[in-house]
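Take a look at the structures listed below.
Next, two complexes with subunit A in common: one pairs it with subunit B, the other with subunit C.
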Partner chain A sequence: MTLMALFWILIPLFIGALFIGLYRNLFSKLAVIFGASGRFIPLGAVDAAALAQAYADEVVVQRRIRLRGRLPWTRHMLISWGFSVLFVFDILTALLTKYLPSEPFMTGNAGWLFLKFGLNVSGMVLLVGLLIALVRGAMTAGTDEAKFNDTPGTIFLLLVVLTGFIAQGLHFANVPAQPGFGWILLGYWMGEALRGWAPYTGSYSFFWMTHAVLASGFLAYLGWSRMIHVFAAPLGRIFYSQPAIREAKVRTVMEGLLKPRVGSR
Partner chain B sequence: MASRGWLFDIGKCTGCYACEVACATWNATGAVSWRQIVKIETGVYPNVGTRNLSMPCLHCDHAPCLQSCPVGAITKRTDGVVLVDQATCVGCMFCFWACPFGVPQFGAEGKMSKCTFCADRPAELPRACEEVCPTKAIISGEMADLERLAAKSGGERVGGPAAPAMFVIR
Partner chain C sequence: MPRGLRRFAWWSFLVTEAGLVAAATAYVGFATRDFWLVLVSAVVATMAYVVAVRRTPPPALGEATRASQRWYWF
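So, the complex of A and B:
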């Protein structure tokens, strides 16, 4: 079986695993919460301002993590924003270079360079965050602080990023340099460093497919590991921002305290 | 191993908060409180009153917190005690929303913490809250023993689909 055939078998399997993981570890858990509270909040009761504030606090600036310290916050911001922007640029790149009519945007290499620039900046931000996380993980091993570390997830994501940069470097090592390639940053720098190393430059397709398989494997991993906090943590915090949900919670607690017998409701 | 739980005598509780203090001291809970005195208002004017309910984790048989945890950080020991592994917890608060008793607590670290049934105390000793209660309103033990004790005083098990491991004498 060729590497390409394996790639096309694994990709749908991983994407399927992500959705099964989300169903099993996120949506079914939300069903437990709604089942326990026994009531839904009408859409009209949603406090949009509070929701926006919670989103800004918990997702955009991650204020709760900032309270724990500057270093954990910096690390988490670099990883979460690096990953999110990288993901968006990945999707954009796939759409604009393969699926959508994008001739005006891509004409003269400017659009293509913009995509590569975005991918490289976000990838480098993510890489720095992951390296900080690994160093911090090693420094805090065996202490109470270790409970904040996710070493398997960090190493997995690091492999995704590194294989991506290596594949890109090997690609640019094989093509002649053009004006504006400097905007490609790390990918181009690696290409220049590798240029002429014949035994390595031929392995571009291997690294690209390894990167693609790892990246989609990481998507599957999101649904089955602590990384599910990417979806779960903002949801839980956003619930907390809603006065109607908090009031419903208080009612549920009071009813829970006052229930007289097992089995009654 | 026999399942363990609580027996609480509402009539005996004076709301002195000794249990809260003992719990916080023994378990070094910091800013959060694993056991809280809840004041419940009863009656109709002019015949009104307040009762005190000292609320720990009820270590439910079908713990909704455990069922709702997306990362499997919450487990149930063979003796029925429900525990959270803080190294696995991601602080999503799903357990808080699922618990019908408002038990899960979140401090500045953002990780869930709650009553561990004084997991680090030898089983033959009373729990920290139980030990200091001046009126003996709190009793811990095996559920079968607690059921017999509760029955003698007309007590009953706290209800609900989660099947909390607590008997209450009203």
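So, the complex of A and C:
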């Protein structure tokens, strides 16, 4: 059995764990917000401009976090954009090199180098963001600012990133360097640094598998930890960007206030 | 739980798992030993999801159940 096959066997389990976490910790709570008589807003009542504005503010530029200061905002932008772009490049790499392989995406060719460049740039951005988060977490421990820290989540994601770079470094140390490999950045630099002790066969397999299991495990962890905010926070903002939802909420509150209390005259 | 939300939770899970099985099959091949292992993994995940859905306590809706109208949107 290849490492990739083992990964494919495990991934439905990990994604299942993610969905179970989402059901217990997100959907069941959303149900309370919506109420039992909830129904979808008619498509014509959706305010597309407000929706786009909420998405841009909450997800793209993260304006709310900017209000907490430049450093928390920089850290959060590096982590969220690093993670998102890395995820996209991971999917593209699997698709273009494994499922629909073509000449430009063969090892060493321009398309392949582009994918490796994207993976490494986004991975490095994520790594910097996580290191800032870890240092800041240690510096603000015990203070009021620490309430937004998620040290276990940060360490978990850091392990995913580090094992990924180590596996990549070991791989590039095992193969002869080719022109253009400089575009692979940190993965290639680590490979060159480790080349003196190559080949790494057992350790490469170990780090690759550790990285794959940790990365899949992190997806499962998203639904069970504070990391669930990656789904919940934008969703909440997007809901309340809609005038129809805000009006319905105000109406419900007013109905509650106007209702006579039990036992009152 | 509102029917629309429950349906969304079910469909998003099932479509994702089916997509993963399809992607895995494209890699390991159909009806190979690894294919059956992928399928077992997806079935176990589905069984765990069914158990989780059944065992998750219903949300305490309280006053929300009597509200005249609720709108939501994904």
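Just so it is clear, the second predicted complex is superposed on the first by the 231 of 265 C-alpha atoms of A that agree within 3 Å, B and C clash if a C-alpha of one lies under 4 Å from a C-alpha of the other, contacts with A are read in each partner's own complex, and residues count from 1 in each chain.
In this text, a residue touches a chain if its C-beta (ideal position, glycine included) is under 8 Å from a C-beta of that chain, and two chains touch if they have at least 3 such contacts.
From a predicted model like this one, the values you see are computed outputs, not experimental measurements.
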When the two structures are overlaid on chain A, which partner does A:68 contact: first (subunit B), second (subunit C), both, or neither? first
Output check: A:147 vs subunit B and subunit C. Expected answer is one of first, second, both, neither. What do you get? first
Which partner does A:232 contact after superposing on A: first (subunit B), second (subunit C), both, neither? first
With both complexes superposed on chain A, which partner does A:174 reach: first (subunit B), second (subunit C), both or neither? neither
Partner chain(s) touched by A:99 [first = subunit B, second = subunit C, both, neither]: second
Is A:53 in contact with subunit B, with subunit C, with both, or with neither (first, second, both, neither)? neither
Contacts of A:8 with subunit B and subunit C, given as first, second, both or neither: second
Contact-wise, after the overlay, does A:255 reach subunit B, subunit C, both or neither (first, second, both, neither)? both
Classify the contacts of A:240 with the two partner chains as first (subunit B alone), second (subunit C alone), both, or neither. first
Subunit B and subunit C footprints on subunit A, overlapping residues: 29-30, 32-33, 36-37, 239, 245, 252, 255-256
Complex interface listing, subunit B residues touching subunit A: 38, 40, 53, 55, 64, 67-71, 86-94, 96-102, 108-111, 156-163
Would you tell me which residues of subunit C are touching subunit A in their complex? 1-2, 4-6, 8-9, 12-13, 16-17, 20-21, 23-24, 26-28, 34, 37-38, 41-42, 44-46, 48-49, 52-53, 56-57, 59-61, 63-65, 67-74
Within the complex, subunit B is touched by subunit A residues 25-26, 29-30, 32-33, 36-37, 64-65, 67-68, 146-148, 225-226, 228-229, 232-233, 235-237, 239-240, 245, 249-250, 252-253, 255-265
Of all residues in subunit A, those that touch subunit C in their complex: 1, 4-5, 8-13, 15-17, 19-20, 22-24, 27-41, 45-46, 98-99, 238-239, 242, 244-245, 248, 251-252, 255-256
